[in-house]
Amino acid sequence: MKIHEGDARGIFAAFGLPVPPSRFITKAEEAGPVAEELGCPVVVKAQVLVGGRGKAGGVKLASDPIEAVEKAKAILGMDIKGLTVEKVLIAKAVDISKEFYVGMVVDRITRKPLMMISAEGGIDIEEVAKSAPEKILKVVIDPITGLLPFQTRKMASFLTSDKDVARQLGPVFRSLYQAFMEIDSSLAEINPLVVSPDGKVWAIDAKINIDDNSLYRHEDIRALRDDSMEDAGEVEAREADLSFVKLDGSIGCIVNGAGLAMATMDMIKYYGAEPANFLDIGGSSSPEKVLSAMKIILRDKNVKAILVNIFGGITRCDDVAKGLLEAKKRLGIDIPLVVRLTGTNEEEARELLRGTELVSADTMDEGVKKAIEIANA
Amino acid sequence: MSILIDKNTRLIVQGITGRDGGFHASQMVAYGTNVVGGVTPGKGGMKTEDGVPVFDNMEEAVNETGANTSVIYVPARFAADAIFEASDAGIELVVCIAEGLPVRDMLSVLPYVRERGTRVIGPNSPGVISPGRSKVGIMPGDIHKEGNVGVVSRSGTLTYEIVYHLTVNGIGQSTCLGIGGDPVIGTNLLDAMDLFANDPETDAVVLIGEIGGNDEEKAARIIKDGYPKKVAAFIAGRTAPPGKRMGHAGAIVTGGTGTAEEKIKAFADAGVEVAETPAQIAGIISGLL
Amino acid sequence: MKIHEGDARGIFAAFGLPVPPSRFITKAEEAGPVAEELGCPVVVKAQVLVGGRGKAGGVKLASDPIEAVEKAKAILGMDIKGLTVEKVLIAKAVDISKEFYVGMVVDRITRKPLMMISAEGGIDIEEVAKSAPEKILKVVIDPITGLLPFQTRKMASFLTSDKDVARQLGPVFRSLYQAFMEIDSSLAEINPLVVSPDGKVWAIDAKINIDDNSLYRHEDIRALRDDSMEDAGEVEAREADLSFVKLDGSIGCIVNGAGLAMATMDMIKYYGAEPANFLDIGGSSSPEKVLSAMKIILRDKNVKAILVNIFGGITRCDDVAKGLLEAKKRLGIDIPLVVRLTGTNEEEARELLRGTELVSADTMDEGVKKAIEIANA
Amino acid sequence: MSILIDKNTRLIVQGITGRDGGFHASQMVAYGTNVVGGVTPGKGGMKTEDGVPVFDNMEEAVNETGANTSVIYVPARFAADAIFEASDAGIELVVCIAEGLPVRDMLSVLPYVRERGTRVIGPNSPGVISPGRSKVGIMPGDIHKEGNVGVVSRSGTLTYEIVYHLTVNGIGQSTCLGIGGDPVIGTNLLDAMDLFANDPETDAVVLIGEIGGNDEEKAARIIKDGYPKKVAAFIAGRTAPPGKRMGHAGAIVTGGTGTAEEKIKAFADAGVEVAETPAQIAGIISGLL
C-alpha cells in the first residue's frame, strides 16, 4: 500500500527524523494561513501516489502566503499521469547546500533489510543502481541486531567528510531503519535528505510503501489509504479479496492463481491479442468471488470477450461454474464467455454448464484462441 | 530418491481442524502420505475422520509420533508462530501453505530456523509432491506421475498446468516443488536447484519463474557455469505492466528490474530453452531427455 | 549487582507486571500513613540483600496501620545473616489461593535467556531443579524473536488449566522477559506469582540482579546500589576496580588474575591454612592498585601474613614491586609480606625489592608454604 | 598442525592505536605472528612503529590485507560492535581480549557470527598461542614451547602458571587457548575439546576449569564416552564461598551447582586425574604420554 508524502512525513517525524513541518490542504485558500503559520518560504506539493510529479509541475516554491495560495490553486485539480490532485502539502522550505539519497527495502537475495544511500539526492535509485552502481552504497542490516555502529560509521563517511553532518546522519539511519521495521514497510525513502547552508540535516521528501499483508496490525496506517488514487476496479477487487490489475486490451480474464493468470495474459498476447486485465480469484474460491470478478471486468467497456481459465486444485470447478451461472443471471452479461475448467470436480462443472451458451474449451490454448476469435469477430 | 519428501516422511498437519487443513489432511492421507498427526491448540486428544490423532502442540506431536515434516494451514497471522513451533520441536522440513504472511515475520523466521537446521518451503507454497511416494500440500495428486523430471516453481496452478502436460505426454516427475510467490521465502529457486542437482533420480529440471526479483537470472548463471541436469524454463508475466503487483507479493517489476525479458534473455544466454506457452514445456523436455 | 525488592517491584511495575503498590520506609512511624494510603492489610518486609529473610522473621503481615507501625518497629534494626535492616517495604497485601514460581536467567549452555516456571511458588528454584526437576518447566528464549506465542501457551498450560488465569499469564511472561532483557538482568524472579481468590494474578515478590558489566548504560539502576548491604572492603575494592571477596582465614592474598587467585586460595588450604580473602588486581595493574589492595587487606585484623603471587603477562612485575614499596612506606605495614613475582620485568622487580625485608619466593608452592609458616609462627 | 592459529594466520588488531592494542601488537610481531594490519576508526592511513598499516574499518582492512583472524583490544562498550564488524568483513576467527562486555551483547553477537561462519574466542580471553607459529593474545610468549599437549583454560595467569611448569618439565604445547572467564562465551570448553580431538598433533589435553557453570561436568561425560586424547585437569575454586563472584563473571557457585567438588568428582568418575596444585599437572601429563 502506498501512502501520501504528507503522511509518510508524519510517520518519519514520529520516529525522530528531522522533517520540516507541513500541513495537508484541499482548498487553495487554506494555503495562506498555513504558509503564515509555518513561516515562508514554503513548498507546495501535489499529493499523488505516482512518481514524477516534480517534472509534471506538481511541486512549486512560494515565497509568501499569497504566492502559496496561487501555487496551490495551480496544482489542485491538476492531472498527473491520470491521477487528479485533490490534496496538496504545504511544507516549510529548506535551503539546500547538499542532497543525499537514503532508502530502505527488503533484499530478496539475503532476505534481510537493505539500506541504500547515495551522495546524490533526488535520484531514481533503481536507475542509478544500473547505470552507476558505484554511486550507491548498499548495507544489509541484520534484524537480529539492527543497524550496527560500524555500519552507520561506514555510511556516514560514504556520504560526507564533514564531521558535524556525519554526527547527524547516524540517528537518521537508525530512525529510518526503526520506522521501516516497526511499520512493516516494504519501501521507505528519504529522497532527498539535504544539508542546509547552516549545516543541518533535513528529510525534505518522504515515501513509504507498506506491506499489505501486515495491515491487520497497523490500523492507524491502514486508515491512510487513499482510494481515489487507484483504479475503481482495483479498489473493488481488493474489497472482494481478489487480485486485479487493469490493462488496455479486449480480452477479459478470470483465472485462479497468479502464475496461471499471468501465463494466460501472456498467451493472449502470444496469439496476437491483448489482455484487458490480470485477475486472480485466489485459492478456495466461492461462487461469490466469481460473481465479483465478473462485475469488475464488466466495468471495462473495451472488453469484447471474457476467458475463464481454471485449473482446479483447492478451487473447485463446480464452484466456479455456479458463480458463472449466477453472474449470467444476475448481471445480464452480453459479452461472450469462453470457459476452460480442468481439475477438481471438473465433471460436475461440465454438467452444470451443459446447455448454456457459454463456449467451452478443453485446454488453455484452445480457450485463448476461441476468446480471441470471438473478440475479433 | 526424490527431494525433500518420500516414503520416510512422517507428517504433522498444523491447523488440522481448520477447513483447509482438514480437507487437505484427508487428501494427503488418500494419496498415501504418512500423516502421523495434527496440531490445533486446545483440541489435543481428538482424532480426525481418517483416524489421525490431534495434539495441542508440536512438541507433544513430535514426541508422540516421531514426525520429521510439517505442513501449515493456519491463518496468516498465526503462521510464523507455527513455523517457530515446528522448528523448535525439531521438525526438519516445514511446508508453509499459509499465505499472506507479513515479510517482517519471515525476516525473523529465517535466521531462527536456520540455526535449528529446519528447512522451510514457502510461505504461500502449494507444497511438495514426490509422485507415488508422498504429497505434502494442496496440489491435485492425480495429475502427477512418477518419473525423472524435477519441477520447481514460484507458482501453484501454473505448475499444475505444466505438470499436466508433462504427465499427458508420458513424462513423469521425481519431485514437484512450489517455492511460493512471496518475495522472502525459506527455499528459493537456487536452493531447489541445489537439491535437484544432488538427486540421482532427477535427470532434468523444469524451472517455472515469473517477474520480480533476480533469482531466475542467478539460476541462469549457475546453469551457464555448469549445472549437472538438463533444464527447461517457463517465465510468466511477459505482459505484466511495471510497478504493479501481479497477485503474488513477489511478482512485481520495479525500476525496470525483474522483467520477464531479462529473465528470458538470461536463460537464452545460458542455453536454456524457454517455452512460450505452458504446453510447450513437455516438448522441450522430451527433446532433452 | 543486587537491588532491593522494593526497587525490583518498581522496575517490574514499569514493565507492566501486576505488582501491588508499595513504599519504602526507614522509620517505623512512617508505616502508619503508608499503610493508610495503600489500604490494609499490608505486608511489612525487611529490605536486605540476602535470602531467607522470611524465616528470619523479616516479613510480617499487619491488618491495620497501628499494627504496621509495630511490625515495622520490630523489623527495622533487625540483624539478618549479618546485615542490619535499615529499610522496610510496606506493600499492599494480597490474599493467595495459588502460588507459582517464575524466573529468568541466562542459560550458559544454550547461551540464551531461559525462563523457568513452577506451579509451586515460594520455592528455592535451584534446590527444586535438583530434587524434583519435573516440577520445573524450562523454556529457552531466542533473543532473535523474543518469547513466542507457542511458548507462552505451553507455559500457561503447565501452570494452570484455568483459562482466565492463563490469559493473564501470557502478558506476565512477556513483560518479565522484556524487563529482563532491557535492564541487562542476570536474574529476575517473581517468587511467588500468586492468584488471588478473585482469580487475579499478582507478582507479590520481586528479585532482580543486574549484570555489573552493563551498568554503564543504566545510570538509573546503578543509583539503586545499596553499599550498606556489602562488606566495606568489597565496596572499597569495587571503587578501586579490584575483585575482592572477604573470607575468614589468616593468609591475605594479592594475585593477578581470577583463576590464579582462586588457585592460590586453594593451595593455602591444601597446605593446611585458610585464606583471608580472594583478591585479583586484574590485568594491566598499576602501583596504585597494589596500594589499594594492600589497604583493603589491612582492614582485616585476622590477617597474619600476606602472600603476593604474580605471574606477569600484561601485569608488569616491576609495577607490582613499586606498589608494594609504596604501600610499605605509606601504610607502615607490620604484617609480613611473602612475594612471588614471575614473568614480565621479573628482573627489574627483583632489583627493586632487593634489600627490603620482604620475603621472596621463586614458586607459588614456595610462596604459599612460606606465608603459612610465617602466619603460624 | 595446531588448532585455530598457525603460520597461515593473517591477523588484524582491532584497537591497534590504543595502549593495550599497541603494546600487544608489538609483542605479537616480535613473537613472529603475521600481523597484517590494525583498525582504529578515524586513524586509517597511519602505520605503527612496527610498520603495521592502520585502517579505518575492517572491511577495508580485510580487502587490503586478506586477513583471516582478528584480535580485539577495544573498550568493553565498543567490543560487541568490533566483533560484528569483523564477522561482517569475513574474518573467520575473532579473539576477543576485551573484558567487561555485558552478557546481553554476547547474546546477539553469537547468533550473528554463527550465521556468518565466524568463530569467536572470548570475550575476556587471554588469547591463543600455537608455540613457535603464532600468538594472538596477551600471554607471555617465552614461557611456551612447541609440543604435543593442548591446553584449554577459563583463566589467564593460571594458565601461564601451568604452562610454565609444563615447559620447565620439557612438555611442549600444540596450542594453548584461553576461552575466557565470562558466563557466555563464543567457544566453550567442549568446543575447544572438539578442536583438539581433531588435531593430529595434539596427544594430550590439559583442561583448566573453575567454579561456575557445568561445562567441566559435560567435558567429563564426553571423556567417559570416549575421547581420543589423554586428559589431565585442574579446577580452581575449591575454597570459593557460594554465591560470590570470584573475579570472573562466570566464576560463581549458585544454589549448590557449579562447585569445584562436583567438577572434580565428574572428572574422577571419567578416569581423569585432577591435579591438586598447578605444578602437579606436568607430572600427570608426563605419566600419560
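Which chain is which? They are A, B, C and D, in the order written, and residues in each are numbered from 1.
What we mean here is this: a contact is a pair of C-beta atoms (placed from the backbone, for glycine too) under 8 Å apart; a residue touches a chain by one contact, two chains touch by 3 or more.
Please read these numbers as outputs of a predicted model, since none were measured by experiment.
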More contacts between chains, C-D or B-C: C-D
Far-end chain from chain C, centres as C-alpha averages: A
Centroid spacing, where centroids are CA-atom means, of chain B and chain C in whole angstrom: 53
Between chain D and chain B, distance of the C-alpha-averaged centres to the nearest whole Å: 44
Centroid spacing, where centroids are CA-atom means, of chain A and chain C in whole angstrom: 56
Whole-Å gap separating chain C and chain D, where each centre is the average of the chain's CA atoms: 27
Sites on chain A at which at least two other chains make contact: 142-144
Two or more partner chains touched - positions in chain D: 108, 111, 115
Partner chain D, residues of chain B touching it in the complex: 111, 114-115
Chain D to chain A touching residues, read off their complex: 41, 56-59, 78, 81-82, 84-85, 88, 108, 111-112, 115
Residues of chain D touching chain C in the complex: 19-20, 24, 76-77, 99-104, 106-108, 110-111, 126, 138-140, 143, 153-161, 164, 181, 183-184, 208, 210-211, 213-215, 218, 234, 236-241, 244-251, 254-257, 260, 276-279
Chain B contact footprint on chain A (complex, rising order): 106, 108-109, 111-113, 124-127, 129-130, 142-144, 181, 184, 186, 211-214, 216-217, 243, 245, 247, 255-263, 265-270, 274-275, 278, 280, 283-284, 311-315, 342-344, 363-365
Touching residues on chain C, where the partner in the complex is chain B: 142, 144-145, 148-151, 153-154, 157
